[in-house]
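What follows is chain A paired twice: with chain B in the first complex and chain C in the second.
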Partner chain A sequence: MKKLLLVFLVVAFLLPATLAGAQTTVTVWFGRQEFIPADEFVTFHAENPDIRVEFDVIPLEESHVDFMRNHAVGIAPDIVQIFHEFTATMVIRGTLLDISEYIEAWAEEDPEDFADIYDIAFTLTTYEDGIYGINIHSAPYYMGYRKDWLAEAGLEEPQTWEELLDACRILQEEVLTGDQFAYAQPGGAHHPPFWMTATFMSMGGQFRDTGTPIIDSEAGIALIEFYQTLANEGLQDPESHAWASGDFRGAFMGERAAFFPEAINIFAYTQDVLDYATEWEVMVQPPREGAEDDFVVNTFGWPYMVNSDTEDSEAVMKVLRYLFDPEIVSDVALRYQPANRASVLTSEAYYEAHPYFPILEEAHGQQVPYPVHLRSVERADILNEMKFVAQQVPAQYTPEEIAARYQDLLDALD
Partner chain B sequence: MAETTTMQVELKKLNRYKRLKKTIPYWLILPSLLFVVGVLWYSVLYGIGMSFFRIDLALPDNPFVGLENYFNLLVEERFIHSFQRSLIFVAGSVGLGFVLSFAFAHGLYKVKTFAGSFRGLALVPYLVSGVATAIMFRFLFSRTVGFVNQFLVTLGLERIEFLGEANWAMLVIILANTWFIVPFSTLILLGGMQALDPDLFEVALVEGASKLTILFRIIIPLIKPMIGISMIWLTFASFNMFDVVLPLTAGGPGRATEVLALYMYRLGFDFLRFSDGAVVMTIILLLNIITSVFYLRVFKSEV
Partner chain C sequence: MKLGRDRLYWIPLVILVVWTIFPLLWGVSSSFKTYADIYRVPPSIIPPDPEIRAYQVVLTSRGFSTYVFNSTFLALTSSFIAVACSIFAAYGFARFKFRLSTALFLLILIPRIIPRASLIIPLFQMWASVGLLDSYPALIVSYTATAIPFNTMVLTGFFRGVPPALEDAASIDGATLWQRIRYIMIPMSIPAIITVSVMSLREAWNEFPFVLALTTSTRMRTLPYQLFMLRDAMGIEDWPVVLAFTVLTIAPILGFYIIFQKRVTSGLVSGAIK
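This part shows the complex of A and B:
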């Protein structure tokens, strides 16, 4: 009897361990709940019984820090979703795996599928010579505007930033009343300056190889002048330099702003509040007059990066390819952020969910990533302060003085 | 003889039992002590240790640098600015917080009907999370849709940019912080007042003392230790305050409300300069220790 009990106990302890040994576990940290596939990997598990995917949501704002901290003690997930600008720091700390060989193998193995993917899926996750993850979703900042108000003022869609400012002046004077302002943008001290750098890039702004923006340039000075004009001519809410993203989005959706620089995921919500094509319309952020050739369509991504300590990189690649599968990714793209797959973005379903996309489609295929920087948050912090100073009423410094002062601070980061 | 020996043995047993009984409270607090030492002090000591290394995630190594981080940070313009803003914030919060908590404690002490309910209600702000407090104050003081500005407009007055102008924003974070930390301070002071012997007041009244005399000559001197503890709470809660300030102003406009705790967070978790963040943590710790020692000396019981 005792022997039987002993055998039972041994089997009871060893069996689960043996079964678990046959199954690889891949852990994933998503940056937002909305990025999780609708089927929560049910199909994946059915197709890959030997791989178990476990996932959690760690907000993008903190996922890179949590990941690096966990990596130091060997408990980081196999895949982590981050703001792409932290790639450099994570590579320097040796926390990410170069998956170039797997990407090459994918291209060879399934060229048709690979051709469907935009280059930005891999260029955005490339640092120096390695590819450290896949940028499944990324989105440029475009511009939403009140079509009906422009029509009321007899204005056409502006083709340059200078025309946009002129339109703002006319709207402010002739159409808008009370708490309505021509332009809305975020300005909080702790806010990423994505909206500002998107404008900078569309104005033809350049970056050094280190990722430092060249503010002390024509584009940089034009950017500072733009913010000075908005503030000093009363074209934006006087408190907008303290606004968070919710405040300026609320201003547009609450019919208190005529223009707002935003991305597709927010347009999806906007159409629930305002009538698309009658009340509001979208456009690609325009170039700066005389700098049309330097215009680029900026983009920001939330790529999935691979842990350098991952034990089964083959399994990890299967999970990544599943996340990028046209059917799986289509669901996320329809309800949230656009995916870097042509077949998804040109589908009828996508056009129906995002009726403004045909206007943005060409630009979407030309995304240029906001360059990474080893000290990306400090870079953001300096740019935020620069914008705050530029928006002081009355203006305390000339644009050239501001550009010179903040260029020095930015260069000191290198 | 044998009887004497038995008695001595019994006496020894009794003494041993008494000694053991005296140690029981220490055994009872041991788990909490171990918890505090293990969780809190470990982090604090580890943090202090970190401040002597260069731990910067943008750099590959973490060398020992001694006091270099301190020398670098203490002369940094932004740290000095943040330190100054913190002093204003703490002074404002402690000043306003103490006046309010004393007034509330005295009021609650006097209330007899539904006393329990009122005391419970007074604690509500402390039970609300810091983030919720921040959001509430953001709604209250927003320029366009804020209740305060709507009220000003109704009175025919100009709107005020509470969150967009440096001094107003400082006032708003002081108000929000005060709202958040006053209940606990009120509770401490109320505890002190409730421990007073009511006969003292009756005797004082019979002797012809005015209410102000009772307040300043009896209540305040007798609850001095509680006032000290309340001041310690108000001060350290304000120096450490982070969860109300971040969602309310995020340190802005510009850097007008970037207090030390917020700057520490920015250094550590945004800029990934962990050792610099640890330096600020150590400085906040020192400030808390110095002010606590000061309060304990000033508000030492004289009775």
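This part shows the complex of A and C:
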């Protein structure tokens, strides 16, 4: 009888704990619908019956602000996907959890799996000495160009930005007609200056430790000259100022542009409308002449960050590892953004889905993140305004004057 | 000669109509275009190969019925409450002279002047402190509170135009305050009530900043919020789908507005001149 009572008491104590365990809920905010695993966590729930994943889509453009606002009142999700440039701001505000110890444990527990992951998965989410999330997907801006038009003009793939501009001039003069233009790019009114900073970095642009770009440098002045040339020599559509990302992508796919700086996910759409390898080709954005040693392959990521208030960090790590599982992440990579796993990007399925990837593969392994900044929104506004001024027709200022003026504004942010 | 001068007056009106209608027509037309036709140069107002794909995508998209329900429920509920509250507030301002009544009337209009964005953080903190973020009550109360000032202003002007003698006569016959409002003031103010109802409904239907700030889950999203979600800088924007969603979002409120257009105009004018 006493034994029976003892068993009853043990069960009575353990049952609520077990039930409570069954109720562990991990909430995830994805930045885009396309990042959600195809099985919507069905497999995860089967493997982890004690964890329930609830997810929603909050656009990347909003997620960091919404997250911090909700964090302030204790209702933020456990995992949030953000534009990586907001990492510093969120860490400084104390909203993110340092998961370094879990990452170290993962590396020890499964070294083979860990070796498959690119360093950028963690370097991009590192701020000072902590790791605050996992960058499962990131992608550099490369360059798509009209191979057939270059061939028609007797041109080879440009190896530097200077050669690219020369090619644009020849194409504009000899091949392109009507509303066709040599170069397509978005204006600055709709988006952060991702495309511009990618070009800046390939030109050898440097950043201060705070993440402020050094515009009054050779690379910065070359960047401004590049935009002045495009605008003043009529190498881009005069309406480019007002273009959103869809407009310049549409210009290339609609056969109205010869070059467009884009990423792998957009190339996937491009091959549906233009014949890859015969009509168009891809290349890594080139270096600037004389600055080949400073050339870097930029990258922008959409990492999953962990809430500092999360109640069950073990469960959160299980969810993150599930999102980074080769099978799960492969599905997203095939249909959307590249994943930072070697086994995924070197698989036959990936090469088949993205036949241009072999050209980009080496560069893809050398991604350098666009530096974070505590005031990244203001940094973006200043850079967009600088680009707008640089594209005035006729040019109102010299590149040096523009660089000096906007460097002052950028430095004032530090 | 007179006819010629009249025609001159028409010119700016025609320009204004074209300026207003053309983007709408362009949007409707583009919603029937193929993805490739959207970026074709030169563009055409008539879709070369019209298709209803975009509408099929929108109507079968996950959550669309939830967004329609949320928009409808929030708009109807908040409009009903706002109009009901406004009727009583307006009656008070129109019929009773009390201390600081003029100052209070001006005070009630202040929320119309304050930019909505500046209310978001205080409202967010307020709803968070009572645990009602991401809920219908938070949105209904917020929508209602922003609709009441305009409604009260319009209804007060209209109520002041209703002869007090009618109410005096009813009072002599024993009508209570509620009966005077119910059987005299409301029936005589139908044009104004329809006006404020339509305006409230339109404002709640189109509301965006509050739903963006005060909700986080898909189940609470409204049509304008989801329209915002369709913008995508990281992929190829499917403009026909965006425009089809826009057309489906504005169609109900546009239809409602067209049906009650004359009453809305007369209600606003009556309130203004009486």
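Going forward, the second predicted complex is superposed on the first by the 391 of 414 C-alpha atoms of A that agree within 3 Å, B and C clash if a C-alpha of one lies under 4 Å from a C-alpha of the other, contacts with A are read in each partner's own complex, and residues count from 1 in each chain.
The rule is short, and it goes like this: a contact is a pair of C-beta atoms (placed from the backbone, for glycine too) under 8 Å apart; a residue touches a chain by one contact, two chains touch by 3 or more.
All figures in this text were calculated on a predicted structure; none of them were measured in a lab.
**Student:** Look at where chain B and chain C land on chain A after superposing the complexes, then choose clash or fit.
**Tutor:** Once both complexes are aligned on chain A, chain B and chain C clash.
**Student:** Quick check for you: in the superposed arrangement, does A:Glu385 touch first (chain B), second (chain C), both or neither?
**Tutor:** first
**Student:** Is A:His191 touching the first partner chain B, the second partner chain C, both, or neither of them?
**Tutor:** Both: A:His191 reaches chain B and chain C.
**Student:** Which partner chains sit in contact with A:Arg208 here, chain B, chain C, both or neither? Use first/second/both/neither.
**Tutor:** The answer is neither, since A:Arg208 touches no partner chain.
**Student:** Report for A:Ile92: first if it touches chain B alone, second if chain C alone, otherwise both or neither.
**Tutor:** Only chain B; A:Ile92 stays clear of chain C.
**Student:** Quick check on the superposed pair: does A:His241 touch chain B, chain C, both, or neither? Answer first, second, both or neither.
**Tutor:** First partner only, chain B.
**Student:** Considering only touches as defined above, state whether A:Arg335 meets chain B (first), chain C (second), both or neither.
**Tutor:** Neither partner.
**Student:** After lining up the shared chain so the two structures overlap, which partner does A:Arg32 touch, if you call chain B first and chain C second: first, second, both or neither?
**Tutor:** A:Arg32: touches chain C, not chain B.
**Student:** In the superposed arrangement, which partner chain does A:Arg256 touch: chain B (first), chain C (second), both, or neither?
**Tutor:** The answer is both, since A:Arg256 touches chain B and chain C.
**Student:** So, does A:Arg375 touch the first partner chain B, the second partner chain C, both, or neither?
**Tutor:** After superposing on A, A:Arg375 lies in contact with chain B but is clear of chain C.
**Student:** Counting clashing C-alpha atoms after the superposition, which of 182-190, 236-244 or 254-262 on chain B is the one that bumps into chain C?
**Tutor:** It is 182-190; the other listed stretches have no clashes.
**Student:** Which chain A residues contact chain B in one complex and chain C in the other?
**Tutor:** Correct list for chain A: 62, 179, 190-191, 244, 247, 251, 256.
**Student:** Could you list, by residue number, the parts of chain B that touch chain A in their complex?
**Tutor:** Residue positions touching the partner: 57-60, 142-144, 161, 163-164, 169, 246, 249-255, 258, 266, 269-272.
**Student:** For chain A, which residues count as touching chain C in their complex?
**Tutor:** 29, 32, 34, 56-62, 66, 69-70, 72-73, 75, 179, 190-191, 244-247, 249-251, 253-254, 256, 265-266, 269, 273, 336-337
**Student:** Report the residues of chain C in contact with chain A in the complex, numbered from low to high.
**Tutor:** 36, 38-41, 121, 124-125, 128-129, 133-134, 212-213, 216-218, 228-229, 231-237, 239
**Student:** Show which residues of chain A lie in contact with chain B when the two form their complex.
**Tutor:** Going by the criterion above, the answer is residues 62, 65, 68, 89, 92-94, 179, 187-191, 237-242, 244, 247, 251, 256, 374-375, 377-378, 381, 385, 388-389.
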